[in-house]
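Chain naming follows the written order as A, B, C and D, and within any one chain the residues start at number 1.
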């Protein structure tokens, strides 16, 4: 297998996570250290790009991401920039024949997402999205169980992603609250994750009935300042959803979920079984099997550790953390290049999530159910 | 305080619970054994009425509830009959000047409920509804905290009542699935409880956006039979709700909640605090206080035992069960008679719950938000 | 079945619990109200005895328990007095041919317990001890599973009973801290319960290696007083134990278990399965089955509600509380009289618990392992 | 700060973990990629050493660890070999003036441990032990709280480390069951971790009363073979312990803890507060504060994420995993070199743990309490 050389675009918090995760993969899978390399990094300023290169341990850096696309020795680019640049960079990268690994959500809106999915299909490059939560082993197990029909006919589901990051009215504006940068609020930032997990486990969404709201409508323009500016995006989004197969469900997304740091929960209820995941216990999947004798039937807490196929480090019996799931997500992308497979979650998957979010926004504006485009 | 003599109408499962709970009250509060007596019981047949009287230990019984209303020595009647008879009995009881304790939901529909609330007001009798969950001490504590502003401005809430009683398509029809007897399905049977708890803690509902569905539309007319009949009521109800003060929330109600026996949960998120209750741990209330120093801030599990005011039995330090909460609910009714106070939850409260349910049904039929009548 | 007439001796907190529980039994099992009656009550003073009779609703009372033993119409006596009177009353009751229901622990020491077990055997009366925790349905289920070999060969176990009732050094002396009244401290009061549960599930104890300690050695003689008196009994007891079949285990008993109201836990680990019970979730038993496929193996939380054989009240699906377990314990005693069976837990069982506690005290005094007398 | 060059000795499972963790540190703390380097690796065979170097990405490797000690460009060595070589390597490394990072337990026995602690003291090199659990932020917080007197006077504690790795009698012998390689069994392997955590939070142990046992005494010499060999070490160890300050506690250590993958629990009960940690929820610390008003007092679940001082990667709000705690443990070692501080946990700490384990073995052999050497 050829060494994979990556150009990393963006080196804020999440860029650093991706960089660290690439470097961890060889240890997790017993690969040569140089089998996955970050060859160059681009940010928007030369000083930050140089600092990033120093931390990553690569020689090349630039203040223009196009410099990375122009290099022949780069196989893939990794997009860790704000949402409003994903579309431009991805289209340019596809045109340059680079494989693409992109942070979520895919785009600012459905039309951008559609063009991006089309572009990578047309260019024949591998393209994957960072829906890292899928790669907690408990959720990989959940997917396998769903695929095998463990739950039987799904009756209903519930998803939640709560953070409490904005409960204080004194908290100042940030780029996360500006629509032109993010495309959306809690629905985009947190909702994209939980919607992807539900889609991953249950399949296509058909329609949504959503209520979005901005509970604190004005915030200080900077910490401690009296002047305020309007918050342009939702900080809470409540969805009812009907899936293509008729399953009904409910989703709660909030940045005002008092007490929550990252409260990610999902539940599926079916006629043969039920499944629960709670990020508070990241190593466990709860499963309920209706087929069991009723005397000792109950939710079973399965410790889903040691389940990454092929892993070699002896952390198999320990709770995997945030970094481990990122490393796995990125490893699947690298493997898809090596094995010439289609990586998942794909840009088409990302487009579906974008459609759910667009339908939710429309539903909230109109009131009532809205069918997904498609 | 005069001894209170009760006429019990209906002696199915819940009638037996009420009878047992009345008998337990003197022990919980150190009252004379005869301070609360069931003087007579009525069912629809003489044989069952006689058997009930034997079990209760009272001499009088009848196959006609009007016989109880005609007796001068009966102070209060307790209605434990199916929903479709509540209205008739309550109006007759009010006309007879009897105090009334009535099982939930109050009525078959909003107009019945309105007439019942009016009738007891006009007659000047005490009237209380059996929303027994309020009387778990953890929820009494929650109410006190809410009244004191513990949560500050409420951002959002969530409620759930799941049972799994109807997940099997082989399960036959029952009176619980017939609209003419019950008035409604899971929404009425389970939903009335959780809606009341949210109303108790958070106040009036203003509007709902609901989806009701019947997931299994035909069931055998009797166990093991091939012939089926249509299920006339919802078995799942998903609600978004906006309260009078603007708080947004979501409610999940289902008889198809695989794995649940009685999964009753509620959560309130506010800018100063949050509250959680889970019936799986009936003695605990979880509270989160934003005002605490952030180093050791977190959800706190408060053991709400030993909190019934005036209780004497030493079960104060033990988890109260289903029967204890019923006894407390009934004791509040008796106390309201003795103290000439207005008992809670009142018929006006029950009317509000009925209005939420009516709006939810209308919302589901129409699609989109429906304001509550009022 | 003849009506059973009971003479209740002692009407402090626990006497009131027993009285209420007898009265609840007919409702739980559909029996005539008069099938179980408290005919008379005795306390040490006429005024308290009269008040007790008033609350219970019986005509007869006395300040001398012997008056109850002398009555022909009393079938059984129930001993709710302090530990230091159990021996005298039980011997007198056996001599009078009365069946006996006695609060735990059985006696002040092993020799008293031995004489009591002998006395009831010789008299041929039914005699049962109030180890009420056995009668939570989760623990009844645990016993069935153990009897069926669910856990296979037991490797080890753990038990705990923590309360926090004495963590404050300002808390004054009470009769619970005086050896001449109680016979022992936390080991007797709390330990007898958890030792009985382990014995119930696992069988005979063979030897113990225990450490008892009094962590606060002097307490005020009364609340707020400067004068102190020595605490004569243990407030913490740590045991290692070896059972007759070789299983090893550990038990923690403490009145200084900060944060605990009634923290009762037990765990059994075997080569085929494991079992856990936690009183914080009184309706659940956790079970782990090694025989399951390892992909979805895990601790399963079984909701052990609705499991009292023959129960009729519809609280079957609700978490049973403290009172319900007492009612069941007492019902088993009444059934043993009706069916002429041997009730459990018997005085012989109580004697075994007394022997474990005596061995633990000796072990702590000596240091090292002590075999149980036998 | 000079770049730190490390020689890694041993590259089995735990060697790979250490290597990956060193590489992650620059990303967690924003350091240049080359600030921490593994310069050379040694294993016992050239082929495995070469493969390790390839995976690590270093040029130098050897089949003799002495080659690493002889290199001037190596600042520190990291010992990831079996327990029976720690003493020899550490003494040689100290003699060579290398700083030492060593896997737990420190040594085969107390005298080896004593010599190692002496050797690093005399040589003036930094020496740290891998007690990686200390570095979950929840436990760092616990240590701070204990240091501040949060719990007041400690009454008692409990610790547990359960795995289920050896519950099957069919499981074959391994080096973990051979005393000459490991020095001890579950007590050494698992017990050293939990004993260190208790020591970290509570201070010196004074005496132990322990029972060790080998529950399965013979195992197949290899998988599927009929021939068996004796298991030479304990697979369960139950300890009662008294600390230097008088606190009493109990510790359960088992490889036969059915259902457990890594069940690590600790609890401390004091007159002012209590603390709990459970590895199943690695990001949470539970605290109970007696000083709070009793109405809403309870165990509080504090989400201890985002608490590594100086960390830059945005995983601060996510549950840290096994690898993150290792990285932190190693970072503290590197920082101690840079800052010329004494790293913790030190070899003196490791010696104390060795003394507890030696006393426990002696106690089990003799029966009864044994004071620690000192």
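Convention: a contact is a pair of C-beta atoms (placed from the backbone, for glycine too) under 8 Å apart; a residue touches a chain by one contact, two chains touch by 3 or more.
This is a predicted model, so every value here is computed, not measured.
Comparing the CA-atom centres of all chains against that of subunit C, the greatest distance is found for A.
Counting C-beta pairs in contact, the pair that comes out ahead of the other among B-C and A-C is B-C.
Remark: subunit A and subunit B have CA centroids separated by 42 Å (rounded to whole angstrom). Per-chain Cα centroids separate subunit A from subunit C by 54 Å. With centres taken as mean Cα positions, subunit C sits 34 Å from subunit B. Among the residues of subunit B, those in touch with two or more other chains are 284, 298-299, 303. The residues of subunit A lying in touch with subunit D in their complex are 13-14, 16-17, 19-20, 23-24, 26-28, 30-34, 54-57, 163, 261-262, 279-284, 303, 305-306, 312-315, 317-324.
Residue ranges on subunit A touching subunit C, taken from their complex, read 141, 145, 284, 287, 289, 295-303.
Taken together, the subunit D residues at the contact with subunit C in this complex read 151, 155-156, 158, 162, 167-169, 209, 211, 213, 215, 236, 238, 240, 248-250, 252, 254, 256-259, 269-271, 273-274, 288, 290, 298-299, 367-369.
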